[in-house]
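Heads up, there are several structures right after this.
Next come two complexes built around chain A: one with chain B, the other with chain C.
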Partner chain A sequence: MKAELSPRRQVFLYGLLCVLLIPFVFPTWWMVTSSVKPISDIFAFPPQLVPESYDWTTYSKVFELQPFVKQYWNSAYVAALVTVGTMIVSSMAGYAFARIKFPFANAIFVVVLLGLLIPSEVTIVPLFQMFLKAGMVNTHWPLILVPIFGAPSVFATFVMRQFFIALPVELEEAARVDGLGRFKIFRKIALPLARPALASVAIFTFLHSWNLYLEPIVFLSSADKFTLPQALTQYTDAYGGPMWNIQLAAATLTALPVLIVFIIAQKQFVEGLAHTGLKG
Partner chain B sequence: MAEVTLSNVRKSYGAVDIIHGIDLGITDGEFVVLVGPSGCGKSTLLRMVAGLETITGGEVRIGGRVVNDLDPKDRDIAMVFQNYALYPHMTVATNMGFSLEHRGGSNAEIAERVKWAADILGLAPLLDRYPRQLSGGQRQRVAMGRAIVRDPKVFLFDEPLSNLDAKLRVVMRGEIKSLHQRLKTTTIYVTHDQVEAMTMADKIVVLNGGRVEQIGAPLDLYDRPANQFVAGFIGSPSMNFLNGTITPEGFSAPGILLPLPEAEHGHKDRKAVYGIRPEHFFLDENGVPAEIILVEPMGSETQVTMKLGETLATGVFRERVSLSPGATIRVRPDLGNIHLFAADGGQRLN
Partner chain C sequence: MAVVQQTARPEGRSSSSFWTIARRDSLAGFLFIAPQLIGITLFVLIPLCLVFWYSLHEWNVLANTFTYTGLANYQMLLEDTSLPSVLGATAIFSAGLVIFNLSLALLLAVLLNQKLAGITIFRTLFFSPVVVSLVAWTIVWGFLLQKNGGINGVLLVFGIEGPNWLREPVTAMISVIVVQVFKNVGLNMILFLAALQGVPNELYEAARIDGAPRFKQFRRITLPLISPTILLTSIITIVGSLQVFAQIAVLTQGGPGLTTTVLVYYLYQQAFQFHFFGYGSTLSIMLFVIVAVLTFAQWQMRKRIVFYES
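== the complex of A and B ==
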């Protein structure tokens, strides 16, 4: 039952929520507004919450100074491949851990989870040596393969496993009686029902790949191969200082698709996380 | 359609034995109900017939063929689950036609079979709906539709009515029974509800602790239970039991002497359990005294909890008598319906 709040309490709660919202909304607001301010206005005191003058040329300069379209494409296709790959690997691994009885399944799952505890900084040097030997440095392969078989996929596997565990066993038993084998049960019954969990896996995997910074700066060296987070650091003046307004314009363009996707899919995202068994 | 035979069927989980060697023969077209308390192994036994549980020992035959090592899909059975197990992402029609689709049926054939099953079960207007858009009873019917659409050799029902409210359960009970009368497919039905067992079965198998207590027609089990467990399990309200000794004068229970048929006096001085069903008490001035504890008028009958000597017993009287708690009435047990069980082991004596 919902407890009705008194109007005074409601006003107080909304006020409190608005205050708590500031640390989350302000950086985005500052990024978007500063991207169209002249540099002098960005650091003006008192700060201008709403720009007094607008300089839209910053956005055209983003594309003039760097092969930004190419870099955008790099980020997009790498993130898309990582997302699809992670969805395939994690859904199959999660299903296997949840449903298939095999020796030491739980012990193996714990070993897999341990992968989450190892910081990527620790593995980056050996990985670099591996990819160097394989001739894959300054290609996008490391950015694609490492997440698909690394920590993001481990977390995704955990999410998928929790979802499949919660799926009623009777559905699969009914499918067995109806004539389906293990893989068809996975493909025809379990996977379609796992859409909310898959959606959340897709969103956080895409976000992770889109925001990846350490791996690109280690593995990539030419501007036309750069992904967006790495490209953002290249908007500097002759002295190496940041060109703030152009950099913030590029940052706004970088954040835009992610924001749009999240706003569209936030319901599925929350639903998917709720299925991880973490809810009460 | 087919007969089903279980020969010395056993099931163990590690060192724990769940089913202790069950023999059961089910003839073609028979409606058999497996009934027993929670944990007696009835669902496990059904799942072993379905192929959803492995068989530790013994043999299961369907239509004369040993199916121990066959997958469920190769046993030609259909199963209705307790929680219906309808695929949530498929419509009613797709749910019903799903098994045919995977057995290579043509679209026209599937549509025809689904329509046939939907007409029988009154599901025709619901074919495009999703399970979440259906009521409990409708879901139950879809689950049955999914089972009948394939025309299997055996139907298996695993407590299919336990998620329904009391009224709907009675309606669906009738529907399953009439469906069986129409299709005459061999059916194994698991329930813990003895009323379902009594009303639906051609043959009841009473299970307890992984063993068969008795197999028989519903009224045979009711009238001549083989032991005290079956006597107590079958019938609602359940049979009254009084512990005591058989004497030349009758049955001596704590604080009361109950009449016995002449033939039973031969067991004299034997410790036994005196069993009598609630409806086999009659109000009679020459009967034994009983103190009334509780009166529950049901309309068609009155259920009375009373104290016979020191033992609480239930009586059901068809007459509309005015009885009040604390009063003493006199009741006479129907001597033709007295059940005597051994005090040790509970086997039937008479």
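== the complex of A and C ==
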């Protein structure tokens, strides 16, 4: 289908793509622009696609009403730990399943794959009880430990395994003949070659942790422990209705940094996700 | 997988005869998978057994009692008058989501697979909601879908009075589906795009020479060749659709009535809002069975639908 298109078809295609783009791009635009409008303008009719006047005090209220900096830090450090931890755990397990012969390897692999079948929602009740007994409720431990070692990291392990299987084995064999141990081979030879797979593991792990919502609202109860998704919904008035301008400002602060990183590194992002293991 | 076994020759520095290469490899293998295996045991297998155990009990948090009641919770499942609506909402939501998501993803992938200047910019923009924080995305859609919000504002410019999207049964369901699809369709789009680019060009050229129309080319060449990707994405999307929680919690809180109360949201309410941990566990078991059956069924279907497997 890669034939050159006639100019008329090209114009048609551009038009079609632009129309289809509206629901993908407009919400983000609307979020950013509405967050800087004065409260009286955010429901104005006709809708102001570009703000007619600005009110920056909304942004200071984001920080006044909740410990937003702390909450931002909570989300960031939890996501960072989960990302690094998952990269280590999944690359080691993926490598072993792909390369090392050890007893019951296949049986263990099937057991680990069970994690793909069991959404974390299924086990949320016992996990809550376990962490309650361990005194870890209202701490960040459940949000860190479960993703790194539990079901969410299984997908990463699977991706890493697929990648290592496709990697030529000759280099590692040569190193073995030279007497290098398994761990050194993994560290010095296999892992550096696995950068593209690790990058995509890092991306989807980070996004998964960054977006986590059910787990935080189950495990966390005090505002200074909240992560961002949970914090965003807490900007409510006395009747429980959302304070839209403040929620939108906080949402903008949450979404924009990741969006900017994505736009800078979009090639690695998109191609990394497309070309590693995920192809099945 | 093939590791060359040179059992006769001990490795360099090792002088011990016990630590043969095979033994050392076994040890290394176990050490490498240990973190994952311990994690799965602790955070998946044990909780799975526990959730089944809990489901056989009446658990009163306030009175702090935990009594064995056999299958009483499962009996309750059958008698729960809310459950039919919950399962109905779950089915409508998942079916609507999968159909809309996969067809839109395929359409976008086909459009983006054309030779056109600046096509990567479009690709980036279509993908961008994937990286926008889920709750931020949901909040702004909630804002747009208010009675006097942006969408109705635009409709009113054209003289159309829009509904109160999130407060009427049908439009509420459509809204939660649409919000979720636009958020994540970029992922499937990228997977389809990679699959489309893997289809050899010669096939289309041959078809063109034979005078096959574009639609027929798509039907007879493209679809069969990307069928493994369609299967994979549909499994991921269906399982994902059964886990949707944040969007419901933020947009509709399961309402109006029970129309958007999907199973996970109902489970959350029963266990963590009403503290019926026993019954919540029973609902968890049901969710597990549904996911397992659907995945297994789709996996079986691959033999009949999928054209080839790589």
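Here, the second predicted complex is superposed on the first by the 258 of 280 C-alpha atoms of A that agree within 3 Å, B and C clash if a C-alpha of one lies under 4 Å from a C-alpha of the other, contacts with A are read in each partner's own complex, and residues count from 1 in each chain.
Just so we're on the same page, contacts are C-beta pairs under 8 Å (C-beta built on N, C-alpha and C of every residue); 3 or more make two chains touch, one makes a residue touch a chain.
As the structure is a prediction and not an experimental result, all values here were calculated from the model.
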Would you sort A:Val258 into first (chain B), second (chain C), both or neither based on which partner it touches? second
Which of chain B and chain C A:Thr157 touches, first, second, both or neither: second
Please work out whether A:Leu171 is in contact with chain B alone, chain C alone, both, or neither, and reply first, second, both or neither. first
One more residue to check, A:Leu220. First (chain B), second (chain C), both or neither? neither
After superposition on the shared chain, which partner residues are touched by A:Ile189: those of chain B (first), chain C (second), both, or neither? first
Identify the partner contact of A:Met92: answer first if only chain B is touched, second if only chain C is, both if each is, neither if none is. second
Who does A:Pro126 touch here: chain B (first), chain C (second), both, or neither? second
Please name the chain, chain B or chain C, that touches the greater number of residues in chain A. C
Can A:Gly179 be said to touch chain B (first), chain C (second), both, or neither? both
Could you list which residues of chain A make contact with chain B in one structure and with chain C in the other? 173, 176-179
Within their complex, state which residues of chain B touch chain A. 50-52, 71-73, 77-79, 81-83, 85-89, 98-99, 102-103, 146
Residue numbers of chain A touching chain C in their complex, please. 1-5, 10, 13-14, 16-17, 20-21, 23-25, 27-28, 30-31, 34, 42-43, 45-47, 88-90, 92-93, 95-103, 105, 108, 111-112, 114-115, 117-130, 145-146, 148-151, 153-154, 157, 165, 169, 173, 176-179, 181-183, 186, 207, 210-211, 213-214, 217-218, 228-230, 232-233, 242, 244, 247-248, 251-252, 254-255, 258-259, 262-263, 266-267, 269-270, 273-275, 278-280
Per the contact definition, I'd like the list of chain C residues that touch chain A in the complex. 1-4, 6, 11-13, 22, 24-30, 32-33, 35-40, 42-48, 50-51, 54, 108, 110-111, 113-116, 120, 122-137, 139-144, 146, 148-150, 153-154, 156-157, 178, 182, 186-187, 190-191, 193-196, 201, 204, 214, 217, 222, 228-229, 231-232, 239, 242-243, 245-246, 249-250, 264, 267-268, 271-272, 277, 280-281, 284-285, 287-288, 291-292, 295, 310
Going by the contact rule set out above, which residues of chain A touch chain B in the complex? 168, 170-171, 173-180, 184, 189, 192-193
